[in-house]
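Data block below; observations after.
In this document, chain identifiers A, B and C correspond to the written order of the chains, with residue numbering beginning at 1 in each.
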């Protein structure tokens, strides 16, 4: 899967004075911080503070209006759409709150999707996907469709999908937002354990302190401005 | 904590059982209507789409209902200007007029032309004219006036050598684009022109279409209107999923199942009523433009497009009723629960047997008519329509089963394919519904085309003409040889003419027969003299009508008539003495012109002329019989055109026009098609194309709606780094797959219905692959167009904004 | 927590020695602070005096730990009453944190820094508890969760205060 071992000191992903405006109000108004390989970083803040926008910028889904996103020394914001898409397919994994599993594909096929998008053969991709489902304790769901599984199970399938490609960074946007405490904790434990095992960094957007407690450190976003609590402390 | 006593007053009113009286219906319908109108921007857009869809359907229905009146108006005006006269020759009076038919063709378009020469001051005036044009002047239709003024009409202007002094009003025209002129003259004679005392007086009862054509019209209407019905049904269901969620919310606050159905019906009713208004608008707009559009040379006056009152009423009441019915029926397949919508339909496997029953029932209705649609047989229009409708509905009933069966066999494949097939597996019914309209339209069109080509031989006759040997034939009356020679010369020097072979056709009688008839004293005797043809031309010209073999100037030949002629063959044998002054219209004038058949005359076989005639008589070269010695002959010219030269035909027609009123020209065509058949075919083609385009629009709307519902998922897939092309392809597959199946079924169904129809008219079944391919191609083209048009919105929806929830 | 009631409750399943009682208590409830022997014996002496337990037997040997205690009917009633009576919710009306924030605002120091530092500290503890939870058994998990939920509540208060700092500042400086 992934060959990189955690190197906590190397900067992996950094934001430099990010600005992004949707409509009349700025969603991001100067965000700066650094994320190192293998660490789990929580991005916290009240609703509407710009957390999700920050995540979208970091993942190269949207381009910031000003400022830079550096991934392994390369400026993400300067890459073409195709190059950013390729990066998202290869190096990143995603977990969202809702609507992320393709409803007509089975769970195995959903998990295999990132690998297949990256050109893997179907058999091989589905074999790996089955392994990951096993690891996330949902092996029996393989041939069910997302509509037939519970929210917590679906979210674990989504975590498997985020991890299956051996990403260096996993972006998780309120991954437990739709779950009860027990299921939420289970998903968080599986997500962070798996990420630590594979050495992937996790950018975890959440407004819940108990979810953020699974992180190594936190970044607080307030009114579009970020505050790296490591520097404060 | 005391328990309430039995007869304590109740604090809540007694619960009433739901009663569905008219008032409840009205209340719930009104509630639904209010929901539609208060639905915000999203609701308005949905309503607009529904209204446009229903409106387009209604407009087509109104147009179809206007067809009978339109045909009637055209045929009335056609009778009103009819100047055919059958009867005794009239004597000239103050109220008579000579009319010469000078119809011509310009650039392939018919020009209706009449030259009028009044005998007095009270002539009949053709409809649309205020007076008969003075000699040298003409009154023209607006379309002809425009053509004559344009550079395109230059050659026609040369041909119609009259001054334009007036415009023909609508009463004298079949359609606004018709080319018509009435010219005035004072030189017509009754040798070529007809004398009339009225125009359009005698209204003949319109002739029936005949059984086969009636069948065509019925099937045509069924085939065109069924997709329109499907279109309306589809349009009413736009935005169904969002509405279902809204209804679920209503269930949560206490509405029961019936109530939600009625509320949904109320919403659909609003869409249908607004759609009716839109439809009326589209219809009026379309009617306004019919005056300017000329499709397949058929133009229609906007004022002729009047829907019949009964049919219009049926549409106005039927469409909203159908909208309500479709909505209520569609809701039967799903259960709207307070916490969401449960679709029952997807759970059970589709069965084939009852779906096959429908086309079988259709077949059963049509089978008794096999071989029975002939001549003027009375047809049961209802039986035919019902049979055809059942056969076509059978196709749409089998389609969902077919899509499900085929799609369930697919697994794996590349990602776009996998995404598409999995989506179809989950909800194959919706996609089958989407292509139903296309399937029915294509199946119907194929069946019609097959019926057409199958019975084409009945309507298209082989004219026996051979366009390879000559493309045009002109003929003109001449009084003497030099006139004939001049006419031949005129054609030879016409631009675009490669060769013009001239034949002078006259008649001869046995020498002495004239004197004998005069001596008999019987005034009719001259008319009873046996005449036989004498044809003069050079060797090249004679070779076109007889196997002359070695020929030089001075040769002469005899072609014997076949046995059906009573003329004794020895009258024209070598050495026989003939009189070239044959009687004209039974009257002898002038002295005999004796001529002896030379001893060298050989008997040869005839050859079919390029114009299809088989000629007999004496065939002489100018060296034996000088053209100048003939009189009252008809000069015929067989013309070969230079295919490279544009307008060659027009130059020839102009030459003909210069040669005077007795001259006329034909184009030699290998086949001739009955006009009625052509116009029906045109009408149906227009209809088929319009229908397919309409269905394309509704397909596009459903597609966009489906995409909008998946906006979030698309954004997530893009976040994953999915290539746009992957998603675009999956959308294409998702449409193309059911459409391909639909078209395959349409071909089968169309060929089946076509075979049934051919059996009904008793024609041998011949599969018309070419037309099946054409219609399938048009259907596939519409789908491709829809996919292309849906790509830009798809790209827009795939922007990451879709991920934002805050 | 009432140690007396807890020990009484443990006796319900059968008579025990004082040593057994301490072990049972520590196993179930004493994760942070195990009981001292002295605490057990003084408590048992009090319960004995009040007639809630009785000495069922003294084993041969020396030392007070040889006594076997059994619950009396009065003791049973006492446990039942205790369990049935709801605990009084803590009102937390006067908190140090609130005092600190107001003081910071009054003296012109950065209240937001104060809040953020506090939140970082809270989160640090929450991380520790979360880690402990993932390696512990169910009892550990439940106890840690209890603390985590309380800390989370504090954190939410911190968030809310941070969001209303401007309002509070004007109020304080009036």
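Note that contacts are C-beta pairs under 8 Å (C-beta built on N, C-alpha and C of every residue); 3 or more make two chains touch, one makes a residue touch a chain.
Note that the structure is a prediction, hence the values are computed from the model and not measured.
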item	value
Chain pair bearing the highest count of C-beta contacts	A-B
Centroid comparison with subunit B (C-alpha atoms), farthest chain	C
Whole-Å gap between the CA centroids of subunit A and subunit C	37
Computed distance of Cα centres, subunit B from subunit A, in Å	62
Gap in Å, rounded to a whole number, between the CA centres of subunit C and subunit B	93
Residues of subunit B touching subunit A in the complex	412, 415, 418-419, 422-423, 425-427, 712-713, 716-723, 726, 800-801, 803-806
Subunit A to subunit B touching residues, read off their complex	22, 47-48, 52-53, 56, 59, 61-62, 82, 84-90, 92, 94, 96-100, 102-105, 109, 113-114, 116-117, 122, 145, 173
Interfacial residue positions of subunit C with respect to subunit A in the complex	113, 116-117, 119-120, 122-123, 126-127, 129-130, 134, 148-149, 151-152, 155-156, 159, 162-163
Complex contacts: residues of subunit A adjacent to subunit C	46, 189, 208-210, 212-216, 218, 220, 222, 227, 229, 232-233
